[in-house]
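Okay, so chain A shows up in both of these, paired with chain B first and chain C after.
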Partner chain A sequence: MTPPLLRIEDLAISIDSAHGGRQPILTDIDVTLHAGETLGIVGESGSGKSLLSLAVLGLLPPVAHATGRILLEGRDLLAMDEDALCTVRGRRIGMIFQEPLTALNPAMTVGDQIAEGLVVQEGLSWRAARREAITLLDRVRMPDAAQLSRAYPHALSGGQRQRVGIAIALAMKPALMIADEPTTALDVTVQAEVLDILDDLTRDAGMALILVSHDLGVIARMCARTLVLYAGRRMEEGATRDVLTAPLNPYTRGLLRAVPRRQAQGGRLSTIPGTVPSFAALPPGCCFSDRCPDVIPACHAGEPAWTRPAPGRGVRCIRAPEAVAS
Partner chain B sequence: MSRPPLLDIRKLSRDYASGGLFGGKQTTRALAELSMTVAPGTIHGIVGESGCGKSTLARLVMALDRPTSGSVHFDGEDLFRLSARDLKRKRQDFQMVFQDPFGSLDPRQTVGRIVAEPLHVLEGSPGRGERRDRVAAMLEAVGLAPGHADRYPHAFSGGQRQRIAIARALITEPKLVVADEAVSALDLSVQAQVLNLLMDLRDRRGVTFLFITHNLAVVDAVADRVGVMYRGRLVESGPAQAVFARPLHPYTRLLADAEPDVTRFGRPERPPVLVAEPIDAEVGCSFRNRCPLAVARCATERPELRSLEGGPEMRERLTACHRAEMLLDPNATG
Partner chain C sequence: MTGLLLRRFASLFLTLLAVSALIFLVMDVLPGDPAGIMLGTSATPETLEALRRELGLDQPLVLRYLSWLAGVATGDLGTSYTYGVPVAGLIAERLAVTLPLAFIAILLSVAIAVPLGVASAARRNGGVDFAAGLLSQMFIAVPGFWVGLLLVLVFSVLLGWVPSGGFPGWRAGIVPALGALVLPAIALALPQAGVLTRVTRSAVIEVMNEDFVRTARAKGLPRRKALWRHAVPNALVPVATILGLQFTFLIAGAVLVENVFNLPGLGRLALQALSQRDIIVMQDVVLFFAALVIVMNFLVDLSYLALDPRLRKRA
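Moving on to the complex of A and B:
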C-alpha cells in the first residue's frame, strides 16, 4: 500500500464573523486521494466546496481558521510557513479556475505566463521556458501553438483561454490538480474537449484530479469517486456510479431528481423545496432537515454521524440503513 | 392551431462593424436572414453556442437594437416601423429576464420599487395603492411573499432574485417574455423551481416565452418548440421533443452528444469533438468544417431550411442540411 497523495483528516474551517466570534463553515471533512485518482466534489453555492479547494491550496484568507490536517505526500500543509507553501503550490498542486479571463494577466503574452513559473520555480532561462510553453500549448491541443504563445489573452476565445489556464497549471507537472468549475463558462462542445484533455492527463501522467462542480453530468463523465457536500458537511461519498445510481442521502436523491429532463405533458420538474440555508441559520440537528422530504422527528435531535455502510461508501443520514436495505 | 403567431420574424439580419482603428473595417454578420414564428402561449427555445447570434436575436426582438435588414412583427405590428411613442407603448407587451440575477437588480432599491418600475412607463400609470397591490400579487405569483417588497435584493438568494426579475418582467402583464440564459446561473435545486414557474405562467396566464440558452437539457425539459442556431442562422427547428429525440441536423446531434449526462459514466466512446475555427460562410454551409457528413456540395451551395419526406413525424420540422436524410437512416453514422 503506497501512502496516499492527499490525506485530509478531520478538517474544520471557521471564519471570523462581522459581529465577533467565529462562524463554522466546513466541519468534519475527511478525504483520501491516491495518485492518478479522480474525485468529484458536488455542491451548490454555499456548500463550502470552494473554501475546501482553497484550503488544499493553502490559499485560505486571513479571516479563515483551519483545524485538522491536510497531508500532501505526508507533509501537513496547515503547519507550513508561506515560503514552504509557495514551493508546494504550483510545483505539486496545480489549480484551474472557473473564469479563465480573470485568472490570466491581460498585459502579458500567454506564452510568457506559462513560462513564468518555469523561470521562477525551475530556474529555466526565458528562452528555454518559452520553448517549453509552446510544447505545453501543443499538449492542451492548441492549434498553432507557436503563434498563439505570442498572443494576449483578449485575443483568445473562452475555450482557448481555459486551455492556457490548464497549460499554466501543467507547466510544473503537479501531482494533484484542483479544477474548480473548470468548464462552467464554456460551450458544450468546448467543454467536451477540455474534459477530454483533463482526462488524458490523469491517465497518461498519473496526475490526481479534484474536480469541483455543480454539474452532475460532468462529474459522471470525469470522476471515479464523488463527494457530496451540503452546508459545509459531507453528505455522501462513494464510487460515482454508486452515488448517482443508488444514492443513500435524500439530498443526493433530490439533486438527481432536479436534473432537468423532459417531462410528460403537463408534468413538472421535481424540486428541493426552499433554499440552501446560510451558515448562521442552519436548522437544529441535521443541516438538511428543513428541506428533506424524508424527515422524521429524530432528525432534529442531533447532527447525524458520518457512517460507512459499505467499503468505500460513506453517508450522513440516520435513515441511510433503510436506503441501504432497499 | 390557426391562431396567428405572436412573433413573426422575417429574414432578420444584423451586421456589426468591427476593426477600423488600424487597417480596414470589417463587418461581422451576427444574424443572417433568420425567419421564424412563435405561437402565443408557448415556450419557444433557442439553443446555440456563444457567438451564434442568439443574444443579438434577443436584443432585436426586444427592440433594443435595429436590424440591418428584415422585420420583427409582434402581435401583428412591425416593431421597427412604429413611431417612438407607439413603440414605447408597445413595450409593456414584451419584457426581458436577464442571466445574472445579481447584476440586473439595483441594490439600492427595495424589491417593491424594482418590481413596480415598469409600471411607470405605462400610459396613465397606476396610483400608489394599486401599484402596491399589483406588486404584492405578482410577488405571490412567482412564489415570494408580499412582505418581501420592503426588503433589498441583497437579502435574497440567487433563485429568489431571479424570481424578482421575473416578477418585474411580468408586472405589465406582457404577452411575451424574452429570457436570455435566465436559469444558467442558478443551482440545480433552484433551477428546477424557476423552470416550473415558467411552465406555470405559460399554462395559467398564457405568457409566451422566447427562452434562449446553451443548455439543451433545460430546453428539452420546458420548451414546446425549439430552434437551433449556428453562426447567425437557424439550422434546425421543430417540436422540442422530436428535435432532441432525433436531430435532423448534424450540429444538433453534435450538441446532444457533447452534453454531459448523469446516466453516462466515464469517457464517452465517440470521436473527439471537432472544435474548428469559424469559416467564412459567404458560400456554402458554415458548419461544413466540423461536419462528419460534409460533401463537396456543402462547400458550394448554402443549405436552406427545408422539410423532409417522412409522414406526420416530419411535419413542422425544418433542417438546413443537404444531407439530413443520412440522419434518418439508423445505420448511417457520421
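Moving on to the complex of A and C:
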C-alpha cells in the first residue's frame, strides 16, 4: 500500500502566552489522508482549526510552536528548512483562505497574483504565466476571464474574489488542497456556486481536500470523512455519513442539533449551552464536560482517551460505548 | 479623473493666492526701508523720497500688492533693488543649484530610508532593526547644518575628496558640479532619511500582518520576495505622504545648508535679500518656495493614484 499523502502524527501546537510560558492550543492531533480523499474538519471558532491548516503549510505565526510530525508524501514538514518548505507550498499544498477580500493584494492585478506562483516556482515567463492565469480563471468559471485577469481585487465581487483565491491555489496543481472556511464570508447563494467549483476542480484533478469549516452543511456536502474538533482536541472522527447520522460524542450531537432544519416543528433552534472555554480555563477531565448534557462525575476524573470503536471511526468520550450500543 | 485634476488645480491656485497675500503683508510690516539701505545713511530725505517713488514704495499697500500680482501673473517678477537685474533671471540662475540639490537630497533620503526601513521591519527587534533605530534617531536629532560642518571637516579638510564649499557652475562639467553638491545633499538628506526610515518601518510592519502577504507565502514565495513584491508596494502610500510633507523642511534646510556650503542657491538668495531688504526678491523667492511645496504635494497626491489602484476608481 502506498504511504498516505498526508499523515499527521501526535501534533501539538502551543502559543507563547502574554505572561511567559506556553499555552497549549492543539493537542494529540492525528490525521491520515490518502491521495484524492476529502476530509472535513469541523469545530466552533476558537477550536484551533485555522492553526492546524497553517501548521500543515508551515506558516504558523512566530508565537506558535508545533511538535509531533506532519508527513507529506513521507517527508516531515516540521523538520524541513524554509527553502524546502517554499517548494512544497503552492506546488504540493494549495491553500484557500477565508476572507477573499483581505487575502488578495489590493495593488496587484488578479491575473498577476495567479501567475506569480507559476513564475516564481515553475519558472514560467510572465507572458506564459499570465496566459495560464486566464485559463485558470476560466476553469473557476469566471465570466470574461481575459478581461478580469487585468482587474484589481477591489473591482470584483466577493464570490469572484474567492474564485481568484481558488485559481491561485489550483495554479500549480497541488496534490493537497486546504480550504479554510472558504465560503464563510460569502452570500449563501454564492456559497453553493463556489463549493461546486471547488468540488468539481479538486475531483477532476484527483486532489485531496481538507475543508475546514464550522458549517456541518458544507462539510456534509463536500467531504467523505469528518473530524470534529473541540478546544483543540479531536472529539470524533469517521465517515461523514456515520458521524452525522450516528454521532458518538455528545458534542457532535449538540452541533447537529444546532443546524437549522427546514422541517423543524417550530420552536427555537437548539444551542449548546455556554461558550467555548478559553484554552487557559478548560475544565478538569474532559474539555467538554462543563457544557455536556450527558456529563457524569467520571467525566471530571481525567481526559478521556481517543478510542476506536470501529474501523475508520474514532471518538473521545467515556460514554461512547453506550452510544455505540444504542 | 479630469474632474479631480481640475479641482486640484483650482485649490492649488487659491492656496498660492492666499500665500502671496500673506507674504506681501509680512514683508510690508518687516522693519527696514529698502531705499534707506540702498542709499546708505548719508542720503538726504529728498533723494530717499525720489528713490521710494521710483521703486513704487510710495503707493498704497493694496495697489502695490495688485501690481506685484499682475507682474507675477504675466511672468514679470520685477527688478531686484540690490542687483538691478530681473528677479526672474536671478531665480532661474539660483534654481540651477537648489533644484538639483533638493532632488539629490530626496533621492538619497529615499535610497537610505526605504531599504533600511524595510530591513528593520523584516527582522523586527533584530540586530538590524536596533542599529537602524539608533541611526535614524541620530539622523533626526542632529541638525543638518551641523552634519554639514562635520562632513566638510572629514571629506574636505581631512580627506580632500570634495570642495568644502562654493559651486563651480554646471559649465565646469557635471562631475565637479555634482561633487560640490554631494556633501550639502547628504547634510540635507540625513534628517529626512531618519524620519522616513521610521515611517517605512512601521508601514511595512503593518502591511506584513495583512492576509495577502500570507497568501503570497502560501504560493511558495520566499519571505524576501513576499516582502518586496507584496508588503512594500502596499506600504508606500504613507511613505509618499511623509516625503511630500518633508519637502517643506527640505526647502527650509536648503536655506541653512546653502549658507554653510556657500552655494549660490535660492536659499542663499533669500537670506541675502532679507538682510538687504531686497523686498521684491524676498517676495518672489518665498512665493516660489511656496509654489514648489504646493506643486510637490500635488505630485504626491498624484502618486497615490499610481500606488493604490483602489483610489483610481474613486477618482
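Here is the rule we use: the second predicted complex is superposed on the first by the 320 of 326 C-alpha atoms of A that agree within 3 Å, B and C clash if a C-alpha of one lies under 4 Å from a C-alpha of the other, contacts with A are read in each partner's own complex, and residues count from 1 in each chain.
Just so we're on the same page, a contact is a pair of C-beta atoms (placed from the backbone, for glycine too) under 8 Å apart; a residue touches a chain by one contact, two chains touch by 3 or more.
This structure is a prediction, so every number in the text was calculated from the model and none was measured.
K.L.:
Overlaying on chain A: chain B and chain C, fit or clash?
P.N.:
Once chain A is superposed (C-alpha atoms), there is room for both chain B and chain C without a clash.
K.L.:
Should A:Phe97 be classified as contacting the first partner (chain B), the second (chain C), both, or neither?
P.N.:
second
K.L.:
Which holds for A:Gly238: it touches chain B only (first), chain C only (second), both, or neither?
P.N.:
neither
K.L.:
For A:Val120 in the superposed arrangement: first (chain B), second (chain C), both or neither?
P.N.:
In the superposed model, A:Val120 contacts chain C only, not chain B.
K.L.:
Looking at the overlay, does A:Asp199 come into contact with chain B only (first), chain C only (second), both, or neither?
P.N.:
Touch status of A:Asp199: first partner only.
K.L.:
On the A-aligned overlay, A:Ile272 touches which partner chain: chain B = first, chain C = second, or both, or neither?
P.N.:
Only chain B; A:Ile272 stays clear of chain C.
K.L.:
Once both structures are overlaid, what angle do chain B and chain C make about chain A, taking C-alpha centres and a multiple of 10 degrees?
P.N.:
Given the fit on chain A C-alpha atoms, the answer is 80 degrees.
K.L.:
Taking the superposition as given, does A:Arg221 touch the first partner, chain B, the second, chain C, both, or neither?
P.N.:
first
K.L.:
Between chain B and chain C, whom does A:Glu82 touch in the aligned arrangement: first, second, both, or neither?
P.N.:
second
K.L.:
Scan A:His154 for contacts with chain B and chain C and give back first, second, both or neither.
P.N.:
The answer is second: A:His154 touches chain C but not chain B.
K.L.:
With the two complexes overlaid on chain A, what is the closest approach of chain B to chain C, counting only CA atoms, in Å?
P.N.:
Superposed on chain A, the two chains' closest C-alpha atoms are separated by 5 Å.
K.L.:
Could you give the residue numbers on chain A that contact chain B in one complex and chain C in the other?
P.N.:
none
K.L.:
Tell me, which parts of chain B touch chain A in their complex?
P.N.:
Those in contact with chain A are residues 49-50, 157-160, 187-193, 195-196, 199, 203, 214-218, 220-222, 240-241, 244, 254-255, 258-268, 272-273, 275, 277.
K.L.:
Show me the residue ranges of chain A that touch chain C in the complex, using the header's touch definition.
P.N.:
57, 59, 82-83, 86-91, 94-95, 97, 99, 102-108, 113, 116-117, 120-121, 152, 154-155, 165, 168-169, 171-172
K.L.:
Which positions of chain C touch chain A when the two form their complex?
P.N.:
210-212, 214-223, 225, 229-230, 233-234, 307-310, 313
K.L.:
Going by the contact rule set out above, which residues of chain A touch chain B in the complex?
P.N.:
44-45, 143, 158-159, 187-193, 195-196, 199, 214-218, 220-221, 240-241, 244, 254-256, 258-263, 266, 268-272, 275-276
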